[in-house]
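Same chain, two partners: chain A is paired with chain B first, then with chain C.
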Partner chain A sequence: MKSLLIGQMSLKRKGVSHTRPEDLTKSRRRGQLAALSIAAVVIMVGVPLWWRTTETYRAWLPVSQINELANMQLQLSADVEVVFARGTVTPEQQKKVPLTQTQDEEHTVDGDLIFKAVCDPMVTKYEDCKLIHADLSLHTLSESPCGSLVVYVIPESSSLLPEDMDVYIGQRRTALLRIGAQMRVGRTVEQLLAHLEPRIKQVLQVMSFSHTDITAALSDRVRLSPGNKESIADSMRAFKSSPGYEITFSLLNPDPKSHRLHWDIEGAVQTYIQPLLTKLAPVANFSLDSQTLYYAMLGVNPRFDSSSSAYTLNSDSLAHVINPVEARLGSNAASSNPVLNFLLYVPDAHHSPLYIHDNKKQEVPSNAFHSPRWGGIMVYNVNGFYRPEAVLPVDININMAKVMGVFLAQLRLLLGVQSSTAPPGFLMAPCGSTGLADWELDRLMWSRSVENVATATTTITSLAQLLDQIGNIVINDNIAEQVSSAVTSLQLAVAELEAGNLGFALQYSKEAIMASERAFFDPSLLHLLYFPDDQKFAIYIPLFLPMCVPILLSLLKIVSEARQKRREKQAKKD
Partner chain B sequence: MKILTFFSLFSTFLSANSINVEENAGQFFSSGHTNNWAVLVCTSRFWFNYRHVANTLSVYRSVKRLGIPDSHIVLMLADDMACNHRNPKPATVFSHKNMELNVYGDDVEVDYRGYEVTVENFLRVLTGRLPPSTPRSKRLLSDDRSNILIYLTGHGGNGFLKFQDSEEISNVELADAFEQMWQKRRYNELLFIIDTCQGASMYERFYSPNLMALASSQVGEDSLSHQPDLAIGVHLMDRYTFYLLEFLEDIHPASKANMKDLFKVCPKSQCVSTPGHRTDLFLRDPGSALITDFFGSVRKVEITMETINLTDLIKEAEQNPMNEKPQKVTYSYVDQLPVSEIIHQKPKQKDWHPPDGFILGLWTLILLVFFKTYGIKHLKHIF
Partner chain C sequence: MAITMPLSSIIHKQPQKQRDKWPSNDFQEELVIRPLHSGDIYASFQFRTLWETDFMRGNKVSHYRLFPKSLGQVISKFSVRELHISFTQGYWRTMQWGQPFLPSPPGAELWVWFQDSVTDVDGTWKELTNVLSGIFCASLNFIDSTNTVQPSASFKPLGIGNVTDHSFLRYATLPREIVCTENLTPWKKLLPCGSKAGLAVLLKSEKLFHSSFHSQAVHIRPVCQDWQCKTTSWELRQTLNVVFDLHTPGQGKREWSLFKMFSRTLTEACPLASSSKIYIDITDNPQGEQFEVSPATPLLSQAMVLGDRRTFSVYDLTQQITFGTVRSLNLLIRWKSSEDMLRPLLHGERYVAGYGLQTGEIHTLMYNNHPYRSFPVLLLDSVPWYLRLYIHTLTVASKGKDNKPSYIHYQPSKDRVRPHLLEMLVQLPPNSVTEVTVQFERALLKWTEYTPDPNHGFYVGSSVISSLVPSIVAMDTNSTREQPLFSSFFPCKEESSYFVRVYTEPLLVNLPTPDFSMPYNVICLTCTVVAVGYGSLYNLLTRSFQIDEPSPGLAKRIANIIRKMRGVPPL
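And now, the complex of A and B:
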């Protein structure tokens, strides 16, 4: 090395530059090797390193399973036990009645999702059905699990039901079906079954689930075409399925100078509302609070109606009552659960009594109204409790039973326990002290399970689509975990719905929905800010161009030298 | 004869009344929303952008007046006007010259103020991806039956909107955010109003259904401000929002004005720029959408027809015996600041980044020096 250098320097001083040809080729080859090795290092080590360090971390998602979920068919099955009472079936026919019979009904919902209703009526041999008057005792005959029904077929002549009623729907999961008059003489088993089938189906539609219920529950995936106004109103009124709700009871006292109100809200909630909420525990968690607001006015001035010497609020002005009050109501800052507000308004002494009129100018017996997805307001008049010359302020104890009766009814409506009008010939038992019949709970559970499954499926599929579309979102491991657990829970929920285990199906659907919401709304899923292509070039060119130009030029030089050599060789040959 | 005319009048009155009831019932079902939300964002800070804050606060006042409560409004402002050192009237923000209308007032509730107004926070509010510690007032808790009004104002350009002089949001990001909202059904219908220069470029890229958009100017045009106030020293409002507010002053909660009237607000003669709107993604006819569907909060109500007959008596809660002493519970404070932990914690692991221009330049210099010292002839093979 040193000799070469000295040689070069001496050559320079002399001003002559001849280098030996072998030196030239050797140095040239060394140069070519250096250039090639640098290029190799850049391409094989540099480029992958740059790619790896600038790519976003995306954990693996079960995309194929998610796509499967999108095209899945829901199958709902309900177990129905049909018990023939004495006098309906002759002993010979008993032997011919098939033990199980499955009925399938397929429904298409806008061609997208199909659900099948599978009913398994298990016909048992006839029981010695003594004439029992309360259907609670019927209930003790057979304890039916969640989601199933027992239908007792009673003879025409029985006096359990009044004359014009054919079906009695009890508080628990039982129904009494009176066999028709034409089924008396010379009937065969097939005729009997053919007669009973549509009637049992009708009972099922009232007590379990019907096509409209399920379509409404699936409205997240399939927007309801504006057909039936009733069903739209129903779907708009009830709160969407949520893991928890907050219920707030507020007492509004605009006139504390005249009325000193006492309401035993704790006792009332414990006695009247808590049983319902305990019964609804598999559906959602509820948290309750109550407050009293003083000097809270309604936003509208009621009009004085001289014919009844009372103040009236007509239905048009009711819509404007809620907004000014809502600004005064607080809410729990910690949770994001939907809030149901129940307001009890006691009018001030100058505007008592206050009645609500509907559009036909008739007084409303409950004196209350509710707003979809918000809550309810009841007006409680207290002017009857004290004489006009009494010393103000008067102490008034509010009759909580009456108040809670109204609030309970509104709560049922807002939670989606539909009080559908019963078909003709049906007699419904009044709902018991809990305010909810068992079969109503089952109905709610059916629609909630389907709604949860539909919502969770939509969430997961749209999340997968989103992550696919936007390439620079980082997918962490915990999100992938949540997605996988949501997919598993969904598959389990669908399986349980098929098997007819309503309780488990609801539980799995709740787990699925919580996992899918947690995955979708994870704060880390914010896509890195969008960079248009020209900005990307502007960032990378100053970094890589100075480095790449020497490499490219040297490679080009190698290529041109090789070509020249080849030409020389060719020339030499010729 | 008289009786006939009377009867005909009576029947027409009846039919008109029934049509009215039908219309009201129709109205119930036509809009399909049960609650209203508003997201009002002012994206500028500093004293000379007074007008943007006044814009946003004026819209906030109108929306509150028409019924949307504070719990349903997400207000994002830099909020550095009212208590600015240069404000001759502290604690006020005026929207009319001669200081007629103070839109700051006593009960303004700003949810995101100061440096919290960032593109990230705005997108997080829209998509709902907020950390679990976020309080309820900072969240947009809308559902599939909510109508949302989104109002943006500030400095913008062709396809972007500047946030607080340090970052931008592009129209693609906004369109993607709305699509994410639609996927999760976080809105029923959405009205997007933007008052910036070249505002129409911000709604060009929308592709989700049920969106209606209004902008104060087209691409290539500037939105101009309305009038300066000589006492305060800055322009108080922008033209488009000024005339929008004049229009909204005539709207009351029971008004039946529809969106087509809103499109006529601020024609070119008043605004100098040409306001634009976009309705192709909106499924209903804009003429059937009321102003109060978005700006106000008209609740649907139903009369409660049924009650439940409750006959149980309230059980008396068990009385605690008075002589029982309340148990003493000792409370203690949690460690306020784990100072020792902070001092001794290891530095956070930083991600590796490829070397930047400075390092590369330095290495080029070193290589050049090497070649200079050890011989130019090596350099020949490269250049």
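And now, the complex of A and C:
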């Protein structure tokens, strides 16, 4: 190319006549101007044009709101209504009711998120004690909304509670509180409430949320203090919050030659599992199915214990049981929700009876165990059914009540319905036909809402961070839309939590989590991700290099000439 | 870790004993072995699971016993009425081997009838192919609108239900699909006994894929339980057909045994199976003059299959006596002589003619080998859009004369959207070859549309020839009667004919393929040209030109130096 240019120059040379010095400077000036204007055109038109045409499309994201979310404070508030029964309040105290009082309690979780628990004990009612017979009639008294509590204060002498119990927690969102002798000394209702406060706080922690619940719900977001192993294990047991769950019951029959198993799973599911799931419907959607797997073996060979003439599975070998079985379970083809597996293993005739031993080498009474965030396994021994004269295969009907009792308890644990141990002096109502009390549902909803809010926030902030770091990613309008709707839902959820509207808060938090996941896993984000810069420049260089070098050289020349001219002027002045 | 929970409060409603109401499940397994006249061995496994259920009603809770859960979920989620999927490695040589019990084209084939409650059939089809792709570890996710067709006549539902609206039918083939172990393992997992017991223990992949032909399929359809069709059930048929080449192992001796072919022998039936049988086709060998089967069995059975009455030796695996004293069954066949076979009545072939990379011609040959009967056949051709068919050049000729099809359904392709679909009903005269030719032009693809290794060529799926072939013997039209599985797949409507589907070879067509470093070369060349033009323009605009005194020559310079030394003024 260079030789070509020189050739052209020498061609031109012949055509140019003798020039005078002023002509020479004039034409040099013209050349300089031309070079400058070409450079100006390149910089003002070419570069923006190139920039605009090769730019990746990035829709606008609400970055400032996302950053606000990252260091947001979450405030939970629960309404607590305190109702005094006749005989607990003196007439002069009665005059002061109703009144509202707010109590704040701040919990800091590792400095990242600050949770403020607010309870509003409102004293509004004054009821006749005679009405309060039992829990059911307590419920008919007032249908309290989701997330709120009613505490009935009953006189010390009341016979509703056994002697040594101070607090009774019902199946609904109600509790009975026996007023202590020393508590009656207060003159005003405020003083009375101040006396009652520690008790009410305890009730609130059992029935709504406590510091540990919230910490567990946030365990993915906030690093837990080391050494607190027990609580880590507890928090990791339950499934993560998800809009839906698939529950699969599998009957494992490793030896169809020696026994033919029958289980009435349809009836058992209708009787035992469905009521619980109906109750849990606000939290998530559940779908149920069951299957029977033949020749499904456990991953470990049980050890024969000659002392009890039974086979045993040690607690440390249980971890190896699941993997080979899981290959047979099959993934769910119809949805991508997490699957809760419940396996009923009936050992074959040569390996039965089979018992599971715990850490202390003791037989586990339920003969079952569960694996965190996976499901549960129960071993069902049928060796009692074999009689010496029996013809193989033996028909065996499985006692579903026994099996479902274990699976229901495991299901509650895996869904995060924690049966918290009651403080001394508390009496819990036995769980009803649904297997879940209203306040247990509330507890679950509190922690699920907080978990959803935390997860959605993490997803959205990390997505924003990622998009900020990698400029190559195309952000389409639908992603921006999802992100904005996630942010709006998050803000709404936080506001509803603050206002104490638990149902709405959970709903919004679910919407937020769904929108944020959809945005995060959108396949269009990946399209241009792997378009490396060096390849881009390999394509641009053949065009850019020959175009820019002459411009740069002539600009350099102009600059150096101008400098020289100035120096000459300086010399002239001197 | 262990937990328990008292259920005293919950157990107030004891579930009633409903054993009688439990939906009945049934499982049957069967292996047919047919010595072929070419000397090869054809082994056909069929496993049938029946699941009695009211499939028309959407039932949310689903409980599976013998039926695999993964397929059950697919059926209920996508409202599938019938699903037929096959994976085949190798091509079935009809002229040498006769008709297979279950035909299938090379590669993968999928056809599905959806229930009429489905509103977005195309969307459901797309999702279904993706899910099936996961279940069978196959590249079914490459099925899209460009290789999906809606045949109007060739694929009728095989189960119950009179659906005629073919907008609920989708058909696609992937002729390039390669079938291997990873497809066999999920297929075996669908069996109730897995590969632990029963006939499935023979399915060892290292032997199965060392064969001339391997085809595995899954067919799901609703069937009647009784002849009045009072109760219906889902039928899942898993079939596996394999042809072993006896000459390649090359011991010279023509001898065949279960152990030699599958490296296993049978010791038991699947305990869940209500019937478990092995059939050996001895029709051509009534007196044992061609080959000898050992151990011998007294059980003989006759079945009408593919228009012929065949005789089979039957080994019932549910009977302990079958396994003899060694408790294992190793069937053995020794050949004595060989003989020519009966030619199949219907046969199809296909090839591409023409030269160059611009145009070509597809020839489809259909053979009617019946000596005196003519019968109609339905030909289905699905050609990808990048072969642009000239439909005006379509000719159908038999015995040198024009043979006008009585029905033609042609759907032209749309570039990058849908393929050509050509269906026609042709009457095949007796003892004749009918040739269908159509010319095409090869399209230029965009450079991202080429497959990896584009110089290998592009596959065009098999043509499908479906026909009711006149039968020599009276066929059995009662579909609910107890009969071997291999003879009961295609429902038989009349006694005088039987249904046959024949697949032709897939085509491999070369398309004009560019050099793929071309884009970068073009960029470089264009940039250079632009830069040269720009450079000269730039120089013209910015440089100022003046005449320089040419520098003195070398001789003059030397002379000047000498003159300077002498003190004389320079030149």
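One rule holds in what follows: the second predicted complex is superposed on the first by the 459 of 574 C-alpha atoms of A that agree within 3 Å, B and C clash if a C-alpha of one lies under 4 Å from a C-alpha of the other, contacts with A are read in each partner's own complex, and residues count from 1 in each chain.
Just so it is clear, contacts are C-beta pairs under 8 Å (C-beta built on N, C-alpha and C of every residue); 3 or more make two chains touch, one makes a residue touch a chain.
As the structure is a computational prediction, the values presented were derived from the model and not from experiment.
Trainee: Between chain B (first) and chain C (second), which, if any, makes contact with A:386: first, second, both or neither?
Mentor: neither
Trainee: Which holds for A:426: it touches chain B only (first), chain C only (second), both, or neither?
Mentor: Neither chain B nor chain C is touched by A:426.
Trainee: Looking at the overlay, what does A:256 touch: chain B (first), chain C (second), both, or neither?
Mentor: After superposing on A, A:256 lies in contact with chain C but is clear of chain B.
Trainee: Pick one for A:366: touches chain B only (first), chain C only (second), both, or neither.
Mentor: Touch status of A:366: both partners.
Trainee: Given the touch rule stated above, what does A:295 touch, chain B (first), chain C (second), both, or neither?
Mentor: The answer is second: A:295 touches chain C but not chain B.
Trainee: Which partner chains sit in contact with A:410 here, chain B, chain C, both or neither? Use first/second/both/neither.
Mentor: both
Trainee: Chain A residues touched by both chain B and chain C?
Mentor: 5, 8, 27-28, 30-32, 34-35, 264, 266-268, 270-272, 315, 318, 331-334, 356, 358, 364-366, 368-370, 400-401, 404-406, 408-410, 412-413, 430-431, 433, 435, 542-543, 546-547, 550, 554
Trainee: Going by the contact rule at the top, pick out the chain A residues touching chain C in the complex.
Mentor: Chain A reaches chain C through residues 1, 4-5, 8-9, 12-13, 16-19, 24, 27-28, 30-32, 34-35, 38, 248, 256-257, 262, 264-272, 287-292, 294-295, 315, 318, 328, 330-334, 356, 358, 364-370, 393, 397, 400-401, 404-406, 408-410, 412-413, 430-433, 435, 538-539, 542-543, 545-547, 550-551, 554.
Trainee: Which bits of chain C are touching chain A when the two form their complex?
Mentor: Against chain A, chain C makes touches at 1-7, 9-19, 22, 60-66, 68-70, 73-74, 76-77, 131, 134-135, 189, 192-194, 196-197, 268, 271-272, 520, 523-524, 527-528, 530-532, 534-536, 538-539, 541-547.
Trainee: For a test of understanding, state which residues of chain B touch chain A in their complex under the given definition.
Mentor: Touching chain A: residues 21, 24-25, 28-29, 32, 34-35, 67-71, 119-120, 123-124, 127-131, 135-137, 139, 141, 143-145, 167, 170, 172-173, 176, 180, 183-185, 253-254, 297-317, 351-354, 356-357, 360-361, 364, 375, 377-378, 380-383 of chain B.
Trainee: Report the residues of chain A in contact with chain B in the complex, numbered from low to high.
Mentor: Chain A residues touching chain B: 5, 8, 27-28, 30-32, 34-35, 49-50, 53-54, 220, 226, 229, 232-233, 236-237, 240, 264, 266-268, 270-272, 315-316, 318-320, 322-323, 326-327, 331-336, 338, 356, 358-359, 364-366, 368-374, 376, 378, 400-402, 404-406, 408-410, 412-413, 419, 430-431, 433, 435, 458-459, 462, 465-466, 470, 520-523, 525-527, 529-530, 532, 542-543, 546-547, 550, 553-554, 557.
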